[in-house]
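Letters A, B and C mark the chains in the order given here, with residues in each chain numbered from 1 onward.
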Amino acid sequence: MTFWITQALNGISFGMLLFLLAAGLSLIYGLMRVLNLAHGSYYILGGYVGLAVMRATGSFVLAALAAAVTVTLVGIVMERFFLRRFPEQELPQALLTFGFLLIFADLSLWIWGGTPQTLAKPELFERSMRFGAIVFPTYRLFVIGVGLVIGLGLWWLQEGTRLGAMIRAGVDDAEMARGTGVNVGFLSTAVFALGAFLAGLGGVIGGPFVGVYPGADFEILEMALVVVIIGGLGSLKGAFVGGLVVGLLDNFGKALFPELALFTVFAPMAVILAIRPTGLFGAR
Amino acid sequence: MTALEVDKLSHSFGGLTALADVSLAVAPGERRAIIGPNGAGKTTLFNIITGILRPSAGRIRLFGQDVTRLPTHRRAQLGLARTFQISTLFPRLTVLDSVLLAVQGLDPARFALYRRRAAYDHLLERAQSLLTDWGLADRARRVTRQLSYGEQRQVELILALAGAPKVLLLDEPTAGLSPAETASVADMIRRFSRDTTILLIEHDMDVALDLVDRVTVLFQGRVLAEGSKDEIRSDPKVGAIYFGTDDA
Amino acid sequence: MKTRIAGGAAALAVLIALPAVLSSYQLSLVTKMLIFGIFAMSLDLLLGYAGLPSLGHAAYFGVAAYTVGLLALRVANNFWLDFPAGLLMAAGVSALFGLFALRTRGSYFLMITLALGQVLWGIAFGWRSLTGGDDGLPSVPRPDLSLPWALTDGIPFYYFVLIFFALAIGALALIVSSPFGRALVGVRESERRMEVLGYDVWRYKYVAFILAGLFAGLAGNLFVYFNGFVSPSYLNILFSASALLMVILGGSGTLLGPAIGAAVIVGLENFISGYMERWVLVLGIIYVLVTLFAPNGLVGLVRQRLGSAGT
């Protein structure tokens, strides 16, 4: 019983991390039709910057902030100076982001070396809590909390604010949106920045339990893609549900069938592709 | 037997009803105009007839055969052709290559992984004679996206004709054309053989009524009226829905 | 047309004569270029002709390589068994993956081919008992065809590969100029139009997908013989991405562009890896530069200079 609960909580917390990344990916695709493959890089850059700031200041909050801001700036530069040159052309944009994924992957290897590292947890959450027989690291609960708060925040942003309405309008029809005075260019940069912010934040939040190491960018990108395939590209709900599904499957898979772990994640992906290729909540 | 028959067709998605209980029957060789204000459901009707959209209810029959469940390409093979309001031409192919593809579409050899000289020459001949018949022979080597808009609309028509269709759906063939170009295209349509049954969506009432025998009027997804040109011209219901939105 | 045949004959003559002028190291590099030329051309069938951007094409390359490697090492080093088996596996896996991937288009297709490729990579990586995991399968022998020239020598092996290269180009040329090939281009330019003209668009894409997988498998077969080694890296995203870059750099939708792109990338990688470890960085930069400045590839640039009307 304890095993199931622990694994479930682990899976949910990992799922929340995946949600942060998938939400960014989905938002960016939803509005700009850009498949941002450099999203994995945003994660790892966030992790490395966070690590450096943590080492220098010992403050988790500062690390998280610095990482998120740095990555947001990188995202803005990428969108403003590179992606904007190919409006509405999905393949060149995806290729550009892929080029950046490679560039950042090698740059981070060059700058920070090949040793895997982990971020130190903030002091507040260093301990574990006991619920009867279950011992559970509070940090994981913190991650779940962050995920839920951000999820609610994004939902409110999307459904309850003017900005959200503009984003939704832009997603439905950019031409029309422009016609009604929505500054689609500014919106694109803003959404891209938000996606990058989430990913960079994810890099720091995931640092303590996923770690920061060369290849983490590819791995987390892969996972985020599976989430988005299952949940539907462009859907916030899909990113959330998909994140939970993949997080849980990945954890239980690794715990129960270590050699077949990848199947437990990819089998449902194949099922979704077979019955509803655009994902659970994706637009048809 | 009717050439094309549509029986209580309905289509709705996301709470929006595009078509409700639409029925019509077109006789072989007839020219029928489908008119109605924007949003009446005309293009949706065409999309359903050609299989691009699935109806929520109703049946479609082509020369008596129920095609409701058939995919688009199978309907094409049964003799159904169509043009689109927004050009669906091949932007980077030449006019000749485009027409070749159209001619090849119903040819049994279209899946061959090797090219047989004789078969290809035959297709090439047909393509070239099509272009000559319709006056675009001198444009054969031009890349489609370099053509004028009027010429592109003509190519769109030729592509639809290439398979010698039995039923041809024309979706606003003169949209966006100058008066001279409109007259050209209207001429072209007039010259189509009566072996082909034609359904025409046309915004320009004068052009439409000039080319057809009968008219079906759609309004808000339903059939408002149907009859001969004169009947429709003098029908007060029809006049009412166009009142104030007449842009002929 | 005549100039093309003459040009082709001249190029073939040069390729045949190369062993006389190149060192064995250089010849082995050219061999590698030819193998990747086949790989890139196979991807072009998907990207340049059918308009399907796949980021997981290494899957079929790797599957063939592993099949040949495993059979040669564990069952029998019999060319007539191993080679066709490799091709069959590549075609089979692409037939399977195609069923899933072709339910989507555009960016979705890109994502899904990426993910499917990674599944295979994961299997190769994780299933140590079968594939040797991260260590791969070393010492895969070259086939013994009972010819007077041993394929273990560089020059005979070069001709061995050259023959397949010529056959591949011949087959692909036939395919793209056939009714099927022309229809593929139509599908790329306007799927909707093709449907309405009576073409079963999905079938065309599916057959193209399998053919592309088959030719990728051919390249994989040759590569495992070339290297004598197969590892999960033959299936990973970097491999797929390199192939995609070769196609784009050379010029997608042109028969030979990708082969030229392959030669350039293989040559560059060889050159740069001699001086520094930052090949991935260079690859990424080339990606960005090509997308920004030469989206039609080298062939496209040349055509622009010569003033013709593009693909």
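Note that contacts are C-beta pairs under 8 Å (C-beta built on N, C-alpha and C of every residue); 3 or more make two chains touch, one makes a residue touch a chain.
Given the structure is predicted, the values throughout are model-derived calculations rather than measurements.
Among the remaining chains, none touches chain A as well as chain C. Distance between Cα centroids is largest for the pairing of chain C with B.
Compare each chain's C-alpha centroid with the centroid of every protein C-alpha atom shown, and the nearest one belongs to C.
In terms of their C-alpha centroids, the spacing between chain A and chain C amounts to 32 Å. Centroids built from CA atoms put chain B at 47 Å from chain A.
As a whole-number value, the distance joining the C-alpha centres of chain B and chain C reads 42 Å. Residues of chain A touching chain C in their complex: 29, 33, 35, 82, 85-86, 90-92, 94-96, 98-107, 109-110, 218, 222, 225-226, 228-229, 233, 259-262, 266, 269-270, 273-274, 277-278. Interface of chain B with chain C (complex): residues 50, 52, 71-73, 76-77, 81-82, 84, 88-93, 97, 100-102, 104-107, 109-115, 119-120, 143, 159-160, 162-163. On the chain C side of its complex with chain A, the touching residues are 53, 55, 99-101, 103-104, 106-108, 110-112, 114-115, 118-119, 122-123, 126-127, 237-238, 241, 244, 248, 278, 280-281, 283-288, 291-292, 295.
The residues of chain C lying in touch with chain B in their complex are 174-175, 177-183, 185-186, 189-190, 192-201, 203-204, 207, 309-311.
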